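The two complexes that follow have subunit A in common; it is paired with subunit B in the first and with subunit C in the second.
Take a look at the complex of A and B:
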């Protein structure tokens, strides 16, 4: 029983970074944009929040600057993908490379002579013993579904991803709407990075996201572009990570590296099962 | 006529030049944030890539896997298939070749041939799920290939600490390949090896295949517009299968060549991201196999230069990804997706 409640708690904690990123990506894909720069956006969010935490010692400022960094990456994506109509997959890849290089390169100047940067974790609150970013993630999911399916603006947003031409003829500024969503989505992804750095590990390590941004991409497909189900998928991923982490304690003979690949194999497996019947937004990754 | 040709060259080279300069500028700034003068950063980058005989050889050696993964990426991108998985395909190619060559002793020629073949098969196998899932379930190949990169890296880590770990000693690495399974060194004492010419030959063959053969044309047509290609009677499944299998095989051969020519053994984090540099190289070359030769040389120089700044200044080689990103982003503007 103790193990189960431990697992429940760590699943919630481990799920929240991916969940925030996946929610951002869901909104983005709903307006017809595919950004594989999730990994890099997370990375800059994590890096800048740790940087701000070290320099200002103020957790609110740290969280806000992480969001800001994510927003900047969203802005860059918007410039290339929306304004200049470039190929979205390649822009996303480029933004990942840029984030990896900049955060890895600046880490040294931030670290000075220290071996590792340790910053305090965000405070946790009952009943789930989680920080407020985790609560944010779990509250945002149903809210986003409600927004997308029940509110007028949500429906407009989805329509931009299904048939942008129609929306233009109805008088909507599709490209402005899309650009706006890239900023919101970038901020959410940056927040995911903050949740990873300040909520989970309390430090920044080069390439610390280790593919979680890409797991978020898979979760969007798994949840069929519905934020609520995407978040459920991310929670499932949190369970997988929690179980994998405990497996290492319970069954030491299982090699460390094999445990590391469980989440990726798991994401692939659910894609194979769930991807079959899914339908992406019609205008996804089409330039407009 | 000449003017137009000059203009074409300028249009091709300008974004590359702008990206390169911007990248170097950003790296110099990042270096000065760590307390080094911009000129010392640029100088050690240059010396790492071209400073002496060793540096030039290192640039050449490191451009080989970039060229091979770049060719694989170019084939898939030509067909409009976003294969981001060259990194994983390279790792599995290296693993297959190493596993085979450590198990079965072979004479030199046979060893090089079968090692390369094993790499090709391994790389193809690693690209196969992307093709299968795209055709069967319509799952985006980007996600599948990305996730498989992480699975491949984990598998490499597991094998070099477990089943393939060296017999004597306790480092997380494989035993070295036997002498017979290594490419001949060309310029002792540097690491430059004969595999370079094999890679160049493959690039020229690929250039011929992509520009002059039916399958090359099919890839191009499908990439330009899947719908019209299908109307013309080009079979979608054949395009997708062939592009992924050939692309995976090329990256896999690259992995085999890296282990048989340069490192002789595998260890954790064995590839410093050759597969991702291959993407940059392929796009800088505008998916042209012959143009990939100079562009992978550029990326190889950046990789070698990154090690230079690590050696002399202690800056992380990851910093060169800033330059690679700056090379990539301006090119996206010329690359408009089909719509």
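Take a look at the complex of A and C:
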């Protein structure tokens, strides 16, 4: 029982940053935009929040600045992908590299001769002993689903990703809607970075996202562009990671590589089974 | 529009001018040129930062001209060496065992440059390896942990199973097992040197299992191990490469420190004096290149008698009576030998 509750807690900790990013990406892909700059947006959110924490010592300000940084990255994506109709995959890749370079360069100048920038973690609250960003992530998933499938604006949003031409003919400003969603999605991804840096790590390290942004991208497909299932996928992935971490302790003679691939194998298996019936938004990644 | 063009051209021209003047004005009477290639970011507070400090130390002490490059993909290693060598760098450090093969290959084309591989096992006419015996201070920490552990369980978290990581953890494990107090040891790896979350969960798993002393060699992500230790009750952690107790003064009892900067400086001095040979240099406790650094705020937790005992063990090592192992004992050596491993592992980590 103790083991189960420990694993539950670990899975939640591991899942929440990815979940926030994946939810942002889900909204974005639902309006027809593919932003693979998840990793970079997370990184700037993480970095700026730690930086703000160091300078202001105020966790609320730090969280807000992390969100703001993510929003700026979303804005940049919007400029290129929506306004200038650039190839979205290229823009996303560029934003990833830009984030890695900028955060790394700034960190080096801020850190100076120190070993690392260490900041206090966000306070945790019962019953899950988690910070409020974790609760946010788990609450946002059903909320986003409700929004997308039950509210008029959710339907408008999804329609923009299916047939933007139709929406224009109906008088909707598709590009404005898309631009707005990039800002929201960027903020969510930045928040994911904040959850990673301030929520769990208490520091910023160059490249600390370590592929979690890309995992979030995969989770969107795995969850069939439905926020609820996307979040469920992230949580399941967190479970598998938590189990893998514990398996190494229980099974010392097994090569660690084999254990570390368990979460990825699991995700792949789900993708094969569930992916057969999945269909991406029709206008996904097409410049409009 | 025209004005904009003029402004842009002006800026470009200025950059070009600065670029042209820069190297000329900075030129002294043929200073030594030293380059460093690291496999990761120099802000990591560990392995790569120490190397960069070494490079800067060489720059100061020898008035050398220095350059640094961060190269992650193994496919780019030869090009990085070739680039520095063809630009006339006299001494090129490849910071990590994984650079060995590329250095050997390129060294034959550039006999005037000298290649030094940290924690490498390669040697050649103009290739040397620098082995920092980090397993020696790690052994002392393991011994300390084995004696002090109340649960009789200690654990290690490594990034990837590469020689420099395995070396330090193997020393720790050997030290812990040496205390003969029915100590149990577990070694886990996260597969990354940057994934703090993974390191934290790995450490939490060890703590859940019962470990109350944790060693890490997960470079920058090692801070996750400290975070986990600070959430546990009565759990201590040890730092690696750098004296890391400043990061978390409440849980980091001490660190196995490798004085990589001094090692680099020594190599550079030897090279200047023409004494550097193509062989493997081992620098350990005896040479003062590695050491245990305790956290001054926590060292009082260690019984005095134990500190004296550690001193005796250290004497045995420095006098050469005892050689600290640098490989894991067979039953803990999960997986195959690491040598071929890192190249593959790095391929997939951008």
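Note that the second predicted complex is superposed on the first by the 270 of 288 C-alpha atoms of A that agree within 3 Å, B and C clash if a C-alpha of one lies under 4 Å from a C-alpha of the other, contacts with A are read in each partner's own complex, and residues count from 1 in each chain.
One rule holds for everything that comes next: a residue touches a chain if its C-beta (ideal position, glycine included) is under 8 Å from a C-beta of that chain, and two chains touch if they have at least 3 such contacts.
Just so it is clear, the model here is predicted, and its values are computed rather than measured.
Enquirer: On subunit A, do subunit B and subunit C fit together or clash when superposed?
Expert: Aligned on subunit A, subunit B and subunit C clash with each other.
Enquirer: Looking at A:257 after the superposition, I want to know if it touches subunit B, subunit C, both of them or none. Which is it: first, second, both, neither?
Expert: It touches subunit B and subunit C both.
Enquirer: Once the shared chain is lined up, is A:171 touching subunit B (first), subunit C (second), both, or neither of them?
Expert: neither
Enquirer: What's your read, subunit B or subunit C touching more residues of subunit A?
Expert: Looking at subunit A, the partner in contact with more of its residues is B.
Enquirer: With the two complexes superposed on chain A, say which partner A:268 touches: subunit B (first), subunit C (second), both, or neither.
Expert: Touch status of A:268: first partner only.
Enquirer: Counting only touches as set out at the top, which of subunit B and subunit C does A:126 meet: first, second, both, neither?
Expert: neither
Enquirer: Return first, second, both or neither, reflecting whether A:95 touches subunit B, subunit C, both chains, or no partner chain.
Expert: first
Enquirer: Check the residue A:107 against both partner chains and state whether it touches subunit B (first), subunit C (second), both, or neither.
Expert: both
Enquirer: Counting only touches as set out at the top, which of subunit B and subunit C does A:80 meet: first, second, both, neither?
Expert: A:80 sits against subunit B, while subunit C stays out of touch.
Enquirer: Applying the document's definition of touch, where does A:6 land relative to subunit B and subunit C: first, second, both, or neither?
Expert: Second partner only.
Enquirer: Quick one: is A:241 in contact with subunit B, with subunit C, with both, or with neither? Answer first, second, both or neither.
Expert: second
Enquirer: Once the complexes are superposed, what residues of subunit A are shared between the subunit B interface and the subunit C interface?
Expert: On subunit A, the residues that contact subunit B in one structure and subunit C in the other are 104, 107-108, 206-207, 210-211, 255-257, 260.
Enquirer: Name, in rising order, each residue of subunit C that touches subunit A in their complex.
Expert: 40-46, 49, 155, 161, 186-192, 194-198, 200-202, 204-206, 208-209, 220-221, 223-224, 227, 242, 244, 246-248, 331-332, 334-336
Enquirer: Of all residues in subunit B, which touch subunit A in the complex?
Expert: 26-27, 30-31, 33-35, 82, 84, 129, 133, 136-140, 142-144, 146-151, 154-155, 157-158, 161-162, 276, 279-280, 283, 314-316, 318-326, 328-329, 331-333, 335-337, 339
Enquirer: Quick check on the complex: what are the subunit A residues that touch subunit B?
Expert: Within the complex, subunit A contacts subunit B at residues 34, 36, 80, 84-91, 93-95, 97-98, 100-102, 104-109, 206-207, 210-211, 214-215, 217-218, 221, 255-258, 260-261, 264-265, 267-268, 271-272, 275-276, 280, 285-288.
Enquirer: Inside the complex, what are the residues of subunit A that reach subunit C?
Expert: Residue list for subunit A touching subunit C: 3, 6, 10, 13-14, 17, 104, 107-108, 111, 114-116, 118, 121, 196, 200-203, 205-208, 210-212, 241-242, 245-246, 248-250, 252-257, 260.
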